[in-house]
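Presented sequentially are two complexes of subunit A, the first with subunit B as partner and the second with subunit C.
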Partner chain A sequence: MVTLTIDGQKVTVPANSTVLEAAEAAGIHIPTLCYLKDVSQTGSCRVCVVEIGGRLQAACVFPVHEGMVVETTTPLVRESRRVTVELLLSNHPQDCLTCLRNQNCELQRLTHELNIRDVRFQGVRTHVPKDDSSASIVRDPDKCILCRRCINVCSDIQGVDVLAARERGFETVVSPAWQAKLAQTACTNCGQCVLVCPVGALVEKDDTAKVWDKLGDPDIHVVVQTAPAVRVSLGEEFGMEPGTVVTGKMITALRRLGFDAVFDTDFSADLTIVEEANELLERLDEGTLPMITSCSPGWIKFIEHQYPELLDHLTSCKSPQQMFGALAKTYYPEKVGLDPAKIATISIMPCTAKKYEADRPEMRSSGYKDVDVVLTVRELARMIKEAGIDFSNLPEGEYDNPMGISTGAGVIFGATGGVMEAALRTAYEVVTEEALEKLEFLEVRGLEGIKEAEVDLQGTKLKVVVANGLGNARKLLEMIKRGEAEYHFIEIMACPGGCIGGGGQPIPTNADILKARMASIYDVDEAMVLRKSHENPSIKVLYEEFLGKPLGEKSHKLLHTPYVARSRFGALAGTISEPESEKEKVAAAKE
Partner chain B sequence: MAVYRTHVLVCAGAGCVSSNCKAVESALQEQLAKVGLAEEVKVIETGCIGTCDLGPVMVIYPEGVFYQKLTPEDAEEIVNEHILKGRVIERLLFKPAASDDLVEKACDIEFFRRQYRIALRNTGVIDPGVIEEYIARDGYAALGKVVTDMTREQVIDVIKRSKLRGRGGAGFPTGLKWQFTYDAPGNEKYVVCNADEGDPGAFMDRSILEGDPHAVIEAMAIAGYAVGAKQGYVYVRAEYPLAVARLARALDQARNYGFLGEEIFGSKFCFDIDIRVGAGAFVCGEETALIASIEGKRGEPRPRPPFPAVRGVYGKPTLLSNVETYANICPIILNGPEWFAGIGTEESKGTKVFAIAGDINNTGLVEVPMGTTLREIVFDIGGGIPNGKRFKAAQTGGPSGGCLTAEHLDTPMDYESLRELGSMMGSGGLIVLDEDSCMVDIARFFLDFTQDESCGKCTPCRIGTTRMLEILTRITEGEGEEGDIERLETLARTIQSSSLCGLGQSAPNPVLSTLKYFREEYEIHIREKRCPSGHCAGLVRFVIDPELCRGCGLCVKHCPVGAISGERRKPHVIDADLCTKCGECQATCPFDAILKI
Partner chain C sequence: MEVVANKCQCEALRAKDPRYKKLADIIAKYAGREGALIPVLHEAQEVFGHLPPEIQMLVAEGLDVPLSEIDGVITFYSLFTAEPQGKYKIGVCLGTACYVKGAGDVLDELKERLQIDVNKTSADGLFTLEVTRCVGACGLAPVVSVGDDVYGRLTPDDIPAILEKYIESEKNSNA
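Up next, the complex of A and B:
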C-alpha cells in the first residue's frame, strides 16, 4: 500500500494504482475521455491531467508512489483541460442536435462539465467520408476524437484487429488498413467498438425507418421476436437500473408500436438446443469434435475469416434468430392461414452482427428473406420514444402463441455459458433418460473469459468449455489447432459477457452493468416453471405438426446452414503483397 | 605490410558523396596509376571530415595539406604538382572568410584547430570500411578490457564517474541509465542505439555511423556487458542508406573478428547487434515510439513511466542511448572517467558535436568542449556571417529548441545554460540567422516541421500544433489578428505542459523563445501588417522612391503584371493591388529607386 496526498487529502491505495484510481478512492472526480476501465488506457486525450511536482501528468496512466502530492484543479490543470477540450471541439462537427449520441455523448458531457461556452481556437477541420458499407456499423471519422478505445477493444479484447490509426498528426484517422471499407474487412460486426465509442463516430446502422415502413403498411403482417438479453437491458434506455427486467412492458410497447404478433426468440433458442443437443450426440458417436456453438453471428464471421480450416467444428444449427425467421415464414403462416409473402419478420437484438446475419444469402430457406429487419436495443428504444410511449408506466403484456412460449433454458442464452447450460440440461436427460436433479451448472456461469466444466452423463464424461469475447475464442481455436483441446462441446460468444454485453446494448455497458444484467437473466430462468428446452410444449407441437423429428429433413432445410470460408484480409485478400523484410532492406542499401 | 610515402584522405561523408567525391577519387587513382605511383601513394576514403560546404575535400599526409572544392579535373595537377614535385596548389587551398591569407594545413585552419574530437575521433581519419584501421586506433581495446578485466558494476561506475550525459537531447546522466537497466529485474535485456536523427540540419549521428561505425558497435557491446544484454539494435533512419550500409558491413567485420557473437574475447559474454531501419517518422526518435517501431508496431510514444530501463523492447528492460553518447564510451573506458570529467563545465562534461548551418561561412560538423561559447562557435570556428551581415540569432536544439540572440553570444554552450535561456541542447543542431531573417517566419518554419511530424496520438500536439501553425501562417501572411499572440501563448502553455511525449512538449519552444526575444516583430506583423526584415512575401511591398526615380520606364517594361505606371521622365508608382512581389522591377532599376519595405 502507498499513501499519497490528493488535493490536501491523504489516501492509501494499493502500490500498483494509478493516480486516477487513487483519486476515485478518495472521492475526487477527475474528468477523463479516452480512458475506459478494462478497455483503454492509452493516456492520449490528455483531459485527465493533474499537477504532480509542478508538471502535468495524465492521471489515468501515471502510477502512484509513496508521498506523492497531487493537485487536480490548479490554474495550469484547469487551463490545460479546457484548451484540450476546446481543441477537440475545434476539429469536431458539433452537430449535436442531429447526432445519434445526443445526450449520451462523453464529449458533450465533458464540455458541459468543464463549463466551456466558447471555442477560442478555430481552423481547418479534417474530413473523411462516412463509411456505411457495413450492414451493422456506420463509421463517421469526422466525429472521431481519436481516443483509440475502438482500436483497443477490436485488437486487445476481440483480437480482430480491423481498426488502427492511419496517417499521422492532424491527418490521423482511425480506419481499417489500406483505406478499406468496413464491409471489405474481417470485421465481425460485433459492435464492441460502438459500445465503447464516446461520441457518434461509431454507431449501429439505424434501421428504424424500415420498420416504421412495414408497420405503416396495412397489407403486411409484422411479426417481432425479442432476444433473451433484451428484456434485462431495455429499461436502461428509459432511466431504469441496469438489470431491471422489463419483459412485460417491452411486449406492451411493441404492441402499441403496431406489431401484429409479438414472439420470443427464447422459443427458437429452445428449438436450437433440441437440434444442437441431438447433433452433439450424433457427433459423439461419429463426427468432428469438439463441436462449437453458432448462435453468435460475430463469432461465426470471426471463425470464417480467421480459422476457415476449423469450420467443420461448428454445429450446422442456425442461430435462434434465424431459426425463428425461417419458421415465421413457413410454420407460422401455415398454422394461422396467412400468405408468407405478406409477413415481415423483425428482430429486436442486443447485437449489431445480427443485422449482417439476417442479410446473409444462406438465410432465405423459407423462400423469402427469413428475417427482414434487425433492430438493436438502442433502436427499439428510439422508436418507443418517438412514438411517445411512456415506457416506465406501461402495463405488463404477454407473448403471443405459439412462438412466444419458452423455457428458462432459452432465457439464459442471453449470458455467456447459457447455451452450454441449456444444452447440458437437455443432453443429460436425452442421454440418461433420467430427470436432472440440479439444473444449475455454476461452473459455466460468470464473466470469466474461459470456463471449463466436466459433466458426467452417467458414465459418459462430457468435457465442455465456454469462451466469451473473441480474444478468448482465439485462444481456444489455437488449442484446437495444436490438438490440445480435449473438449466435446464448446460455447463461444463474440461479446464479453455474451449477449448481455452485445454491441447492440445500451451505452454504457461495463462490468458492473454486465453483472446486473446477468443476475437478472438467471433470476428470470429461476422464476420459470419450465427450465429445460425439450420440455417446451410448443416445441413438442412444432415437431409433431411440422418438423417431424430433430435433425430430420425439414429441420435440415429450415434450421441448419453451411458456412463460408473467408480470408483474414477480407475482400482485400490477394491484393496485398508481403512487405519486404528488414534484412532485405539492409541488403538493398549495401554499397 | 605495405609502406606508403603519402596518404591521401578523401572525405566520403554523405555531403562530399553528393558533391561527387567519388569521381575525384577515381580520377586521382587514375592519375596515380598513370605516373606509376599507385603502389606508393595510398588513397583512403574516410568518413565526414566536417567541412561540408567545401566538399569534395581531401587532406594529403604527411604534410597535412587541406584541399577543398575539388573536381575530377584537379586530380592531374594534384598528382603532378603536389605529389610528384611537392608543390602546394594554392588555388585549391582554404581561404578563411575574414582574411586574405590562404591556409595550407588542416591543423592550422581555425575550424579544425579549435575542435576537441572524442566522439568524432576517427571520423574523417580512418577508412570506415576497414576494421583494421579502427583497431589500429585502439579499437576494441576498451571492449577487451571490459570483458576480461572489469566487473559489470565497475563498468557502470566508470560511466557514472565520467558524468557523461545523453547526447540525444535531454541530457540524462548516462551512468544512471546503465544502472537502472542493470537493476531492472529480468534475464532478457536489450541495448538499443537511437540513430533516428531527425532534427533539420543535424547530422552528427549520421557522420559517426558513416565515418566510424565500430565506435558505436564496440560501445554497445560494452553496454550490453554492463547491463546484462545479449542483443542490441541500432534503429537507424532509412534516409541514411550510406550509414546503414557501412554499419551493416562493420557488423559483419566485427562478427568475423569475434568482437560480436559468442564468448567475446574468450569470456562468457555473448552479444550481437541487428539493424532496424526506420520508416521516416521524426517521432520515432522518441524512445518509446522507437521501441514500438522496433517491435514492428506503429511508431507512437506511450506514457512514461514505466521507462525503457524497466520496460522497453518487447516489454524487457532496455538501455537506449543516442549514437553520439555511445561514441564517447570507449575513450572513457580507455582514458578513465577522470579524464573525461576534466573536460567541459561543472554539470556538462566532455564535448558536444554541433552541426552548424544557416547564415554562416563555415557550415559543417564540429566537436568542441562543453561550455564553448556561442561566439567562439559562430565567429571563430564558423567564420562569422557571410556578406558582412549582422548576427541576429542562433537556433539551437532544432525544432525542439529555441533561439539565442546577440546578447547571448557569450553563453557557454552546455545543458543548463541553454535551458535557462528557454532553448535546449537538443541533438546539437545550430542554425545561424542573419539580420535578414524574420523570426516569426522562423518560428512558423519549425512549427510547420513539428506539426507535420506529430504522430497524432495526443490531442494537444495533434490539434494544438495545427492551430498554432494556422495562427503563425496568417500572421506571416498579413492576416494576423489582435489576440493572436495571446492565443499562441495559451496554446503553447497547454501543448508544452500536457503533451504525451517530448515532441509535443518541446514543439512550442521556437514560438515561445522568439516571442520572448522578438515579440515586437510579431506585433509589427499583426498591427502594421509589415515584416521588418522584408522576408514575409505576403507583407512585403515594393515602392518607388520619387526622389530617385528618373521615369526611365525600364521597370514598366519588365513588370510582368503591368502594375507600374507613370509619365515618362516623371516618378512612377506601383499599384500594390496588382503587384505580385516578384522583385523584377527592383532588379532592373538602374537608379536603385525601387525599395522593398
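Up next, the complex of A and C:
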C-alpha cells in the first residue's frame, strides 16, 4: 500500500494503482474519455490530466507512488482539459439533436461537465462517409474521437481484429482494413464495439421505422417474441436499477404499441433444447464430437470465417429466434387460422448479430422471411418512449398462448452457461429416464471466461465446457484443432457474459451491471414452476400436433440449418481477382 | 453442411512467379519472432516494389497477423506503400513559396494530364504523383521534380512538354 495526497486529502491505495483509481478511492472525480475499465487504457485522449510536481500527467495511466502530491483542478489542469475537448469538438459534427447517442453520450456529458460553452478553435474537418453496409451496425467515422476502445474490444476481448487505426495525425481514422465496409469484413456483428463506443460513431442499425410500418398496417398480424435476456435489462433504459425484472411491464408495453400477439423466445429456447439434447445423444452414439451450440449468431459468423474446417462440430439446430420465426409462419397460422403471408414476425433481442441472422438466406424455411425485423433492447426502449408510454407505471401483462409458455430452462439461455445447464437438465432425464434431483449446475454459472464440468449420466460421463466472449471461444477451438479437447458438448456465446452482455443491451453494460442482470436471470428461473424444457406443455403439444418427433422430418425442414464456410478476410478475399504477376502481364499485353 | 469454396487459380499462377517463393522465404525467416511484421513488410516491398492487397493478405496468413493491423502499419509509415510506384516520381512542392507562386495550378494540370490523384500512379506505370514540403529551392518557385530532374519557375503550360520528354525517351528505350 502507498499513501498519497490528492487535493489535500490523504488516501492509501494498493501500490499498483493508477492516480485515477486512487482518486476514485478518495471520492474525487476525474473526468475521462478514452479510458474504460477492463477494456481500454490507452492514455490517448489526455482528458484526465492532473498536476503532479508541476507537470500534467494522464491520471488513467500514471502509477501512484508513496508521498505523491496530486492536484486535480488547478488552472493548468482546467485549461488543458478544455483545450483538449475543444479541439475534439472543432472536428466533430455537433449533431446532438438528431444523434442516436443524444443524452447518453460521453463527449456530450464531458462538454457539459467541463462547462464548455464556446469552441475557440475552428479548422478543416475530416470527412469520411458513413458506412451502413452491415445489417447490424452503422459506423459514422466523423463522430469518432479516436479513443480506440472499439479496437481493443474487437481485438483483445473478441479476437476478431476487424478494426484498426489507419493513416496518422489529422488523417487518422479507425476503420476496417483498406477503409473497407464492415459488411465486407469478417465482422461478427457482435456489437461489443457499439457497447463501448463513447459517442455515436458506432451504433446499431435502427430498424424502428420498419416496425412502426408493420404496426400501422391493419392487414398485417404482427407477432413479437422477446428474448430471455431482455426482461432483466429493459428497465435500465427507463432509469430502473440494473437487473430489475420487467417481464410483465414489457408485455403490456408491447400490447400498447399495437402488437397482435406477444410471445416468448423462451418457448423456442425450450424447443431448441429438446432438439439439441436429442442431437447430442445421437452424436454420442455416432457423430462428430464435441458438439457445439449455435444460438449465438455472432459466434456462428466467427466460426464460419475463422474455423470453417470445424463447422461439422456445430449442432444443426437453429437458434431460438429462428426456430420461433419458422413456427410463427407455419404452425401458428395453421393453428389460429391466419394467412402466413399476412404475418410479420418481430424479435426483441439483446443482440445486434440477430439482425444479420434474420437476414441470412437460409432463414426462410417457412417460405417467407421467418423473422421480418429484429430490434435491440435500445430500439424497443426508443419506441416505447416515442409512444409516450409511462413504462415504470405499467401494469403487469402476460404472454399469449401457445408460444408464450416456457420454463426456467428457457430463461437461463440469457446468461453464459445457461444453454448448457438447460441441455443437461433435459439430457439427464432423457438418458436416465429418472427425475433429476438437483437442477442447478453451478459449475457452468458465472462470468468466468471458460467453465468446465463433468456430469454423470448414470455411467456415461459427459464432459462439457462453456465459453463466453469470442476470444475465449478461439482458445477452445485451438484446443479442438490440436486434438486436445476431450469434451462432448460445448456452449459458446459471442458476448462476454452471454446475451445479458449482448451488443444490443442498454449502454452502459459493464461487469457490475452484468452481475446484476445475471442474478435476476437465475431468480426468474427459480421462481418458475416448470424448469425443464421437455416438461413444457406447449412443446409437447407442438410435437403431437405438428412436428411429430424431435429430429423428425418437419424438424429438419424448419428447425435445422446448414452453415457457410467463409474466408478469414471476409468478402475482401474476393476482391483480389488475380495475383500481381498476372496483372502485370495483362498490362504488358495492352501496351 | 454446405461449403462455398472460393475457387481460384491464384496458387498455380503464383507458382510460376519466383517473387512469391521469395516472399514465402521472408515470411518463414521471421515467422514466430517478436516484431516480425515491419521487417517482413519491408523486405516484401523490396521484392514487389509495393504492398498491394494480395501481398498484405499473404503476409497476414503467413505471420497470423490481422489484416487490419497490417493496413494500419502500411498507412502509418510513409516508408510503405500499397500503390505501385511509377518509373518516375513527380514531386510537386507545396511549400509556402511555391504555393504562393501557383504550385496548386501546376498540380491540377498534372492531375488532369495524368488522370490520377496525388499518391497514385499513371495507367502506363510511368509516373507517380506526390506532393512535397519545401525542397529548399524557393528561388525557383514553383518547383517540380521528376525523377532526378528539377524544374523551376513553372506554369501549367510547361507541363505537357515536360511529360512528353519522359514518354518519348521511354518509347525510344523500348524500340
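Some notes on this structure:
Note that in this section the second predicted complex is superposed on the first by the 573 of 591 C-alpha atoms of A that agree within 3 Å, B and C clash if a C-alpha of one lies under 4 Å from a C-alpha of the other, contacts with A are read in each partner's own complex, and residues count from 1 in each chain.
By our rule, a residue touches a chain if its C-beta (ideal position, glycine included) is under 8 Å from a C-beta of that chain, and two chains touch if they have at least 3 such contacts.
Remember, predicted model here, so these are calculated numbers, not experimental data.
Once the two complexes are overlaid on the shared chain, A:K342 sits clear of subunit B and of subunit C alike.
Once chain A of one complex is fitted onto chain A of the other, the partner contacts of A:F121 are limited to subunit B, with no touch recorded for subunit C. Using the contact criterion defined above for the overlaid structures, shared-chain residue A:C45 touches subunit B, although it does not reach subunit C.
Using the contact criterion defined above for the overlaid structures, shared-chain residue A:E167 touches subunit B and also reaches subunit C. Once the two complexes are overlaid on the shared chain, A:F62 sits against subunit B while remaining clear of subunit C. In the superposition on chain A, A:K385 makes contact with neither subunit B nor subunit C.
Of the two partner chains placed around the shared chain by superposition, subunit B is the only one that A:L87 touches, whereas subunit C remains out of contact.
More residues of subunit A are touched by B (comparison of subunit B with subunit C).
After overlaying the two complexes on the shared chain, residue contacts for A:S155 are found with subunit C alone; subunit B is out of touch.
According to the touch criterion, the shared surface of subunit A, contacted by subunit B in one complex and subunit C in the other, consists of residues 164-165, 167-168, 582, 587, 591. If you check the complex, the residues on subunit B that touch subunit A are 238, 241-242, 244-246, 248-249, 275-277, 281, 283, 298, 300, 302-303, 305, 451-460, 462-467, 470, 487, 490-491, 493-494, 497-500. Listing the residues of subunit C that touch subunit A in their complex gives 1-6, 10, 13-14, 16-17, 19-20, 48, 52-57, 60-61, 66-72, 75-76, 124-125.
The part of subunit A that touches subunit B in the complex is made up of residues 42-47, 49, 55-56, 58, 61-63, 76, 79-80, 83-84, 87-88, 90-91, 120-121, 123-124, 145-146, 148, 164-165, 167-172, 582, 585-587, 589-591.
Those residues of subunit A that touch subunit C in the complex are listed here as 155, 161-168, 176-178, 308, 311-312, 562-569, 572-576, 578-582, 587, 591.
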